[in-house]
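Below are structures written as structure tokens.
First subunit A sits with subunit B, and in the next complex the same chain sits with subunit C.
And now, the complex of A and B:
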């Protein structure tokens, strides 16, 4: 018959060889390897100040007959420290979830038990399959004056611990970050970037529970963020971007009235539209046959300006050039 | 006993809100605009309440001013209609019912706050309470205005005694403080609920509909 025993790190462990007398001749093995007699006190195995590496399978055999007299599985671990508990409603008004973990591992199996009390009622927090250290609760009532009290108890063979959270319904509301954030340059506008995003998919009812948003952006080369708070809509045009600089942009969401801001969304990068530098299309360049240049040649965007009622001729070309120069000057001015 | 009678009299006297004329300005702007204004008012009041509640709870002293204070709700007659509501029920409320619930709740709350005003000790607290009551009165009028402009009848005012006669007022100082604590809690919860109520109303009442109604009524 195999026993299982749990001992604390640093404890002194004495293993008896079953019903054998103290003065019987025995041999102990640890994971199949003989243990030196120096660790024995008679037929008892003494392990002082045990550490994690001493976890394993211990067997005791009668000296001459080599009969197996006793075996045990030793697991060295620690009693649980106070667990870390967090509760959050990212799907208001449907309900909330709580998730937990231990600040340090115990190295032995732990059992978690969660209880949720609302006033006098005990509510059931349904455990999620994945991740395992999480459970969710559906609100039965909204706009409650009574707080929720969540108690998490963790127990293992060496001890137990617990922690409690008490909160109001509205205090734990924190949406997930906005999704599908997209930032695009605006054609012919060197200082603009068009940003759009979507409500987080976990937010069930943006109609009755609208979200407001916080946008932050900065050019990669600077550390200071610009901020814009938006009370509705899921898009915004930045109009003061530095021309030609790559920007990093993020968005956060919050219920219009209650709770806290979400984490920042995934960052998106975008650079405002710039006029393509004009290539002097001399005869020589056109006759160049490098495949690279011909395949990557793009008509300069200024042709659009000139396209409107463009008349082929030197006059129109002069207009194009002027327009190009003006745009270039404008960009340089605002770098 | 005696104190109950005084309480009832005080409430009846202070709560005799006159029949509300529909606010001219809200009709001109349309219900959509005044719903927005009412929403803004609830947010403003919520903000004001935070300061007022902090001061008042400090006045009540511990344990009422402790952030973790989470007492059980005693089985006393609840004086104010609670903001707490079943989710599906709340969703399914008609515009009229939604507005009426808010109107009734704030009328009652205003009434109780005014009684409180007469009882508190410090001048600072009296001043804050008076200011808050004035703002709360504005909110009640604003909700009334929205209801009128949408053609809904105003709910009957809190004329009679707010609780069934014979129900005792707090028999001791501690329980009286508990009552005050819960009053502030209900007020806070209503303000937070109203924001959601008016959000919903904002989406459901397009100004165009109201303009038609106004024209039909000869404005």
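And now, the complex of A and C:
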């Protein structure tokens, strides 16, 4: 028969070899390896100040016949510390869940029991298959001022501990972060970014229980966030982005009336639209560049003397004022 | 079965619901502020549990999502009429206790009382739109007034009243949002297309 034995870290452990007398000749093994006789007091095995590495399979054999007289599985561990318990409603108004864990491991099996009381009524917290340290409760009532009291007890072979949480219905409402956050540049707008997102899929009825949103954004090169709170809609256009700079953007959600803000969504990156730089390869562009860079006026070869508006007359005898003045001046000279 | 709602009635209902939601939202914010001031001024522990008291309408409801529109309106109206009387009583008690010593709290109570009255009237408007009779207020037929409470009991009751009122304000916002939803098949509000 295999026994199971639990001992605290640091304890002194004495193992008897079944019904063998103290002065019987025995051999002890740990995980199949002989144990030095220095650890024996007669036929008793003495383990002082045990540590975790001494967990294992211990066997005792009668000296001459090598018959197995006793075997045990030793598990060294600790009693549980006060567990950490959290309750939250991310699917209001359907219900809430509680999850828990131990702040430090015990190294031996633990059993958790949870009780939920609302006023005088005990409610059933249905354990989730995955993860194991979680259970959920359906609200039987809404809008109650009576607080919920949740007590979690943890027990193992070496001890017991518990914690209690008391809260009201509204205080634990915290949605999951918004999903599918997308940020895109806006064509021909170097300072805009269009951001859109969706309600978290765990929020069961956003029409009756609408969410509001908080958007934060900053260029990667700066540490300071800009914030915008939005009371409806699942999109927003940022209009004050720095041109050409890559931005990081996140969104959080909260029930419009109660509870607390969700965690921030997954961050998305986007850069506002920028104009493509022009390549100087055509004659027209070179000409344009040249005329733009001269400080005094110099008529380019293609510049016409006459502008459209300065033409007088029509058809074959149409002349412009400038040409007419030049001709007149020459005429006077030669008369 | 009642006939489908006319488009103008549907618009009027949605408008009344939207305004009601805003009223209830503002009322809640003011009640929460009043609650903080009341707890401090009365020397109470904010986390103290207060047992349900006779005459204070409880906001807690089972199967809230299954309620009809009419049920929502009638329960809201009954509650806010009760709060109107309770707040008036609190105001009177406040004046007796402190006189002018804490006029600020008295003014805040009076402001909330005004909002509660306005909201009750708003609910009556919604019921009229539904062509439902508005239930009369219980005056002569009600139970005899309870024996006068001690000062401490008055304070606890006031705490209970304000806490329930804060819950009701949230519930009313939710109720009005349900009412504002058009029914997909008939175009009427859910739960309002019922036989009298």
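Just so we're on the same page, the second predicted complex is superposed on the first by the 280 of 335 C-alpha atoms of A that agree within 3 Å, B and C clash if a C-alpha of one lies under 4 Å from a C-alpha of the other, contacts with A are read in each partner's own complex, and residues count from 1 in each chain.
Throughout what follows, contacts are C-beta pairs under 8 Å (C-beta built on N, C-alpha and C of every residue); 3 or more make two chains touch, one makes a residue touch a chain.
The structure presented is a predicted model; accordingly, all values stated were derived computationally and were not measured.
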Joint occupancy of subunit A by subunit B and subunit C, clash or fit: clash
Touching partner for A:242 - first (subunit B), second (subunit C), both, neither: neither
Touched partner set for A:97, first subunit B, second subunit C, both or neither: neither
Which of subunit B and subunit C A:120 touches, first, second, both or neither: first
Broader residue contact with subunit A after superposition on the shared chain, subunit B or subunit C: B
Contacts of A:209 with subunit B and subunit C, given as first, second, both or neither: both
Contacts of A:145 with subunit B and subunit C, given as first, second, both or neither: both
First, second, both or neither for A:258, with subunit B first and subunit C second: both
Subunit B/subunit C common contact set on subunit A: 93, 140-147, 170, 207-210, 257-258
List of subunit C residues in touch with subunit A within their complex: 25, 28, 49-50, 58-62, 64-65, 163-164, 167-168, 170-171, 173-174, 177-178, 181
Touching residues on subunit A, where the partner in the complex is subunit C: 93, 140-147, 170, 207-210, 257-258
Complex interface listing, subunit B residues touching subunit A: 43, 46, 68, 70, 72-73, 82-87, 90-91, 182, 185-186, 188-190, 192-193, 195-196, 199-200, 203
Of subunit A, residues touching subunit B in the complex: 93, 119-120, 139-147, 149, 166, 170, 207-210, 256-258
